[in-house]
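The following blocks contain the structures, represented as structure tokens.
Two complexes, one shared chain (chain A), two partners (chain B, chain C).
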Partner chain A sequence: MAALGTETITVDLASGSVRALNAELHDPSAKLYEVRNPAGAHAVAAGIDRGITVDVRGHVGYYAAGMNDGGIVTIHGNAGTGVAENMMSGTVRVTGDVSQSAGATAHGGLLVIGGSASMRCGISMKGVDIVVGGSVGPMSAFMAQAGRMVVCGDAGDGLGDSIYEARLYVRGTVGALGADCVEKEVRDEHRSELAELLAAAGLEHDVAQFRRYGSARRLYHFHSEQAGAY
Partner chain B sequence: MALEHSPSLRESATFDRGVIAEIQRAAETGVYDIRGWGAKRAVPHFDDLLFLGASMSRYPLEGYRERCDTDVVLGTRNARYPLHLQTPVTIAGMSFGALSGQAKEALGRGASEVGTSTTTGDGGMTPEERGQSKTLVYQYLPSRYGMNPTDLRKADAIEVVLGQGAKPGGGGMLLGQKISDRVAGMRTLPAGIDQRSACRHPDWTGPDDLAIKILELREITDWEKPVYVKVGATRTYYDVKLAVAAGADVVVVDGMQGGTAATQDVFIEHVGIPTLAAIPQATAALQELGLHRHGVQLIVSGGIRSGADVAKAMALGADAVAIGTAALIALGDNSPEYAAEYEALGTAAGCYDDFQDGRDPAGITTQDPELASRLDPIRAGKQLANYLRVLTMEAQTIARACGKSHVRHLEPEDLVALTVEAAAMARVPLAGTDWIPGAGHGAERSWTQGRGHHA
Partner chain C sequence: MAPTKEGLSPMCGIVGLHLRDPGLYPQLGRLMVSMLDGVAERGPDSAGVAVYGDTRRVPEGHAAVSVLLPPDADTGGLDAVVTRAGDTTVVAAPTGLDELVARVTTAFPTALVVGTGHDLAVYKGTGHPGALAATYDLAGASGWQALAHTRMATESAVTPEGCHPFSVGPDQCLVHNGSFSNHATIRRELEHAGVRFDSENDSEVGARYVASRLAQGEDLEKALLALREVFDGFYTLLVTSAEGFAVVRDPIACKPAIVAETDAWVAMASEFRGLTGLPGIESARLYEPEPGRVYAWQR
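And then the complex of A and B:
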């Protein structure tokens, strides 16, 4: 692989296409990219597979940085549904708010949301770390399998419904907890990982203000007596 | 048993012995029956159709001399690299987890030997499967277990799964006894727990969202790969139209006889429609869009057993078919070789459907290393290849008899039905008549376009 250029390549989506942008990002000639005028386009910077840096100046539509694997993507604006869905590694930052299913099924990497996230943030997450500066909507961390989610604001109803092994930290209030999700003791190792996650996200909060939630593991084996629990 | 020999004893048609046994079982255990396989009840099927061979008004093709092609190209609408298969019989999606690694490898070997595709399942892509499958379709499922962009790029096509015929509207359940460390690792879940697979995708809802999801998958894979959309057969006419609107290159329709690894018996037997009833709806939807045989391909699955079934599905409008249950049988599932062991499990060779338990004596639907090692992937793959060749040759035989130089040239005109029900569902005339029950009436009239002389 040829050495990547150190100059920033600027792609203006007012005149260029998302297809041309993603084709370039999948076979990059530079390490640094700036994307202008995304104007809510879908699948912006989806499928990056190496450690390039992409700054998107403006709002994006669905699935921005989808399946990111190693890229450092910052969206200077808001993001639509499924930002960083199924991310494997790397970092995706959104300075504004995001719509539903942020970080859905993501296996790794760090997703930082400066504002708030709508419903189903971290749904079915499989190892990603998600840090939300604001609040998350209902049914967040539904069926969350692995990884950690930090919410500096409040969480809506149904938090962690049918959760498996993911760990959730919430600083503000939590609506009704989802099925099999319970509050858990915050021990030193949890304060330590929480501090690390906040530092990685560039957020400053007193870790003592957070409460921890996780799986009671009562629904790991199906029994008909539990049918009403779901 | 005494009952068979006592004409004075009267069994209830409503509460027969099977029903009574199920009530007793439910009362005793408090759980519903979960099993594998597809619908076991009798429904109108391909057996209820016959071909009109050529005679005076049609010319047949010479059996051993004149060509009758069987190849099919899938994904011509948008993909840079459509699939070109040598036979229209493909292998349906079945997961590593539900099946042993050896079984997945055997499916790849058998399919590759005859130039067709195999398909991953809910649980990701294994190296064995990729390595042994010349053409591999990668399923994109609600659970996204094991989903990653590296494997996505290794795939030859992507199948977005909305549902399957055995359980349209249902998710999945892989019971803890099949969750080995390897299966658990691939799914990012603890070993030994019951794993639920969601019934809805986590990041899109409805056809408008699906269009954007398909766009994303194409962007990630640089528009190289065909994108299939798979639905369980229910409101097939509308589902096919919506799948096409969302951008599908290929639509896969799975009827209620299609198999599953583990689903509630009540779901398998009571939700969804027969394959026979689904195909004409799918074909009509594509015809009305001007895409049938041009642009969007139709794959049909659910109860395909013989070359006659292949030919009938294609005559009704399918471009290809997929087999699951039949492929497992070809590998050795339900083989009399293990009769004694099936009996020890309380069942019999030919009736075994407890795929969820992971104790398959044939080593196919199991994660038990000892049982799985019984299946020789090379031998089983050879058996599957043999079976696929037979299906292909049988379909050719029928196509030639109907005067077709390609199996895809078979058409509804070549078919008649044996029963009123099959005639109504398949939209072909009852044998010996020109009567298609229901044609020309009601809101479904558009499905019968192109058959005006029968309307």
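And then the complex of A and C:
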């Protein structure tokens, strides 16, 4: 593979298509990209599979940076539904707010949301780290299986409903907890990973202000005393 | 039209614009064309539009009736300002609204009335929203408020009758993305109370329900708070009246909605693409309506 150019390539979506942009990002000729005028387009910078850096200037639509695997994508604006959905590795940052299902099913990498996320943030997360500078909406971390979520603001109702093994940290208030989600003790190892996650996200908060939530493990273990019900 | 069960896929689009700055009134239609274009991909099969305050179609002091007429219908005997716009005809006359409705329905007994009021023109048609905007001459419209719906049909025929908005009370409109699950029960209750329906559509039940509450003297906010308690299902609703503009999403909020506000206007769209053409969008306050909360703006 030829060495990638060090000059920034600028793509203007006012004149170019998302399809052409993504084709370039999937077979890149440079390490650095800047995308202008996304105007709410869907699937901007989706499917990156190597360590290139992409700065998107403006608001994007659905599934921005979806399936990211190694890319460093920053959206300087808001993002619609499913930003960084199914991310495998890399970093996706959004300076503004995001719509629902941010980081859905993501297996790895870091998703940083500078503003707030609406409903179902981290739904079915499978190993991603999500750090939200603001608040998350209802039903966040629904069926979360692995990974960490840090919320510097508040969390809406139903946090962690049917959660498996993800760890959730919330600094503000939490609405009604979801089924099988409970508050848990914050031990040294948790304070340590929380500090690392905040540092990685570039946020400064006192880790002592956060509470930890996780699975009570009552829902996904089969109890033999319930066998008669089946 | 049966309920459209669109699940989470991006089907059907809603846009609405409520102008606060009268200086923008002459541009209402042009702004709506850009909004409609932004959600055309969500609903390329058909589109309906409602415009408030377009004096080309509804001159001051006139009542107006929007009606679906065949192209060969002879409107010469109506003694009114008549605008033909594809499947839709807007009839306006300086008379009482009930009198004008009677005049139109007497002349065309089988035609479907799709909108009535003193300030309102409603357009419905099938085809691509961009082409329909031209058919309706939307770009030339002025006014203070408008809304539109683009439809991707999933369970029923693509017809003008199946288009939103549903306008079932004077100067009232409702557009709906989603499906109501208990609409048959509510329909029966409304029918017992004497309300008549034009279709089997679940969204019409929502519109009739809101109209019945407004007729009891409630404002849009109160009517939608009541709707939220009674209706079950998926919905993002945009409801307009002669007084204003209101948005509500169901408590699960699967159906998308984004609101933008500036000092000059309030706009709502299914997604950000519907808002990109608005003046000052770069600095607008953008937010998603919270589930189950009613947002209302008065004129």
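Everything that follows uses one rule, which is that the second predicted complex is superposed on the first by the 221 of 230 C-alpha atoms of A that agree within 3 Å, B and C clash if a C-alpha of one lies under 4 Å from a C-alpha of the other, contacts with A are read in each partner's own complex, and residues count from 1 in each chain.
Note that in this section a contact is a pair of C-beta atoms (placed from the backbone, for glycine too) under 8 Å apart; a residue touches a chain by one contact, two chains touch by 3 or more.
Being a predicted model, the structure only gives us computed values, none of them experimental.
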Which of chain B and chain C A:Gly160 touches, first, second, both or neither: neither
Which superposed partner A:Gly90 touches (first chain B, second chain C, both, neither): neither
Touching partner for A:Thr81 - first (chain B), second (chain C), both, neither: both
Partner chain(s) touched by A:Thr105 [first = chain B, second = chain C, both, neither]: first
Which superposed partner A:Gly71 touches (first chain B, second chain C, both, neither): neither
First (chain B), second (chain C), both or neither touched by A:Gly214: neither
Which of chain B and chain C A:Gly114 touches, first, second, both or neither: neither
First, second, both or neither for A:His59, with chain B first and chain C second: second
Partner contacting more residues of chain A (chain B vs chain C): B
Which superposed partner A:Pro28 touches (first chain B, second chain C, both, neither): neither
On chain A, the residue positions that both chain B and chain C contact, one per complex: 61-62, 81, 100
Complex interface listing, chain B residues touching chain A: 30-32, 143-144, 147-150, 152, 173, 176, 187-190, 193-194, 196, 198, 202-204, 209, 212-213, 215-216, 219-223
Residue ranges of chain A touching chain C (in the complex, touch as defined): 39-41, 59-62, 78, 80-81, 96-97, 99-100, 118-119, 137-138
In the complex with chain B, residue positions of chain A that touch it: 18-19, 22-23, 26, 42-43, 46-47, 49, 61-63, 66-67, 69, 81-82, 85-86, 88, 100-101, 104-105, 107, 120, 123-124, 126-127, 142-143, 145-146, 162, 164-165, 220-225
Residue ranges of chain C touching chain A (in the complex, touch as defined): 10, 38, 253, 256, 258, 271-276, 286-288, 290-291
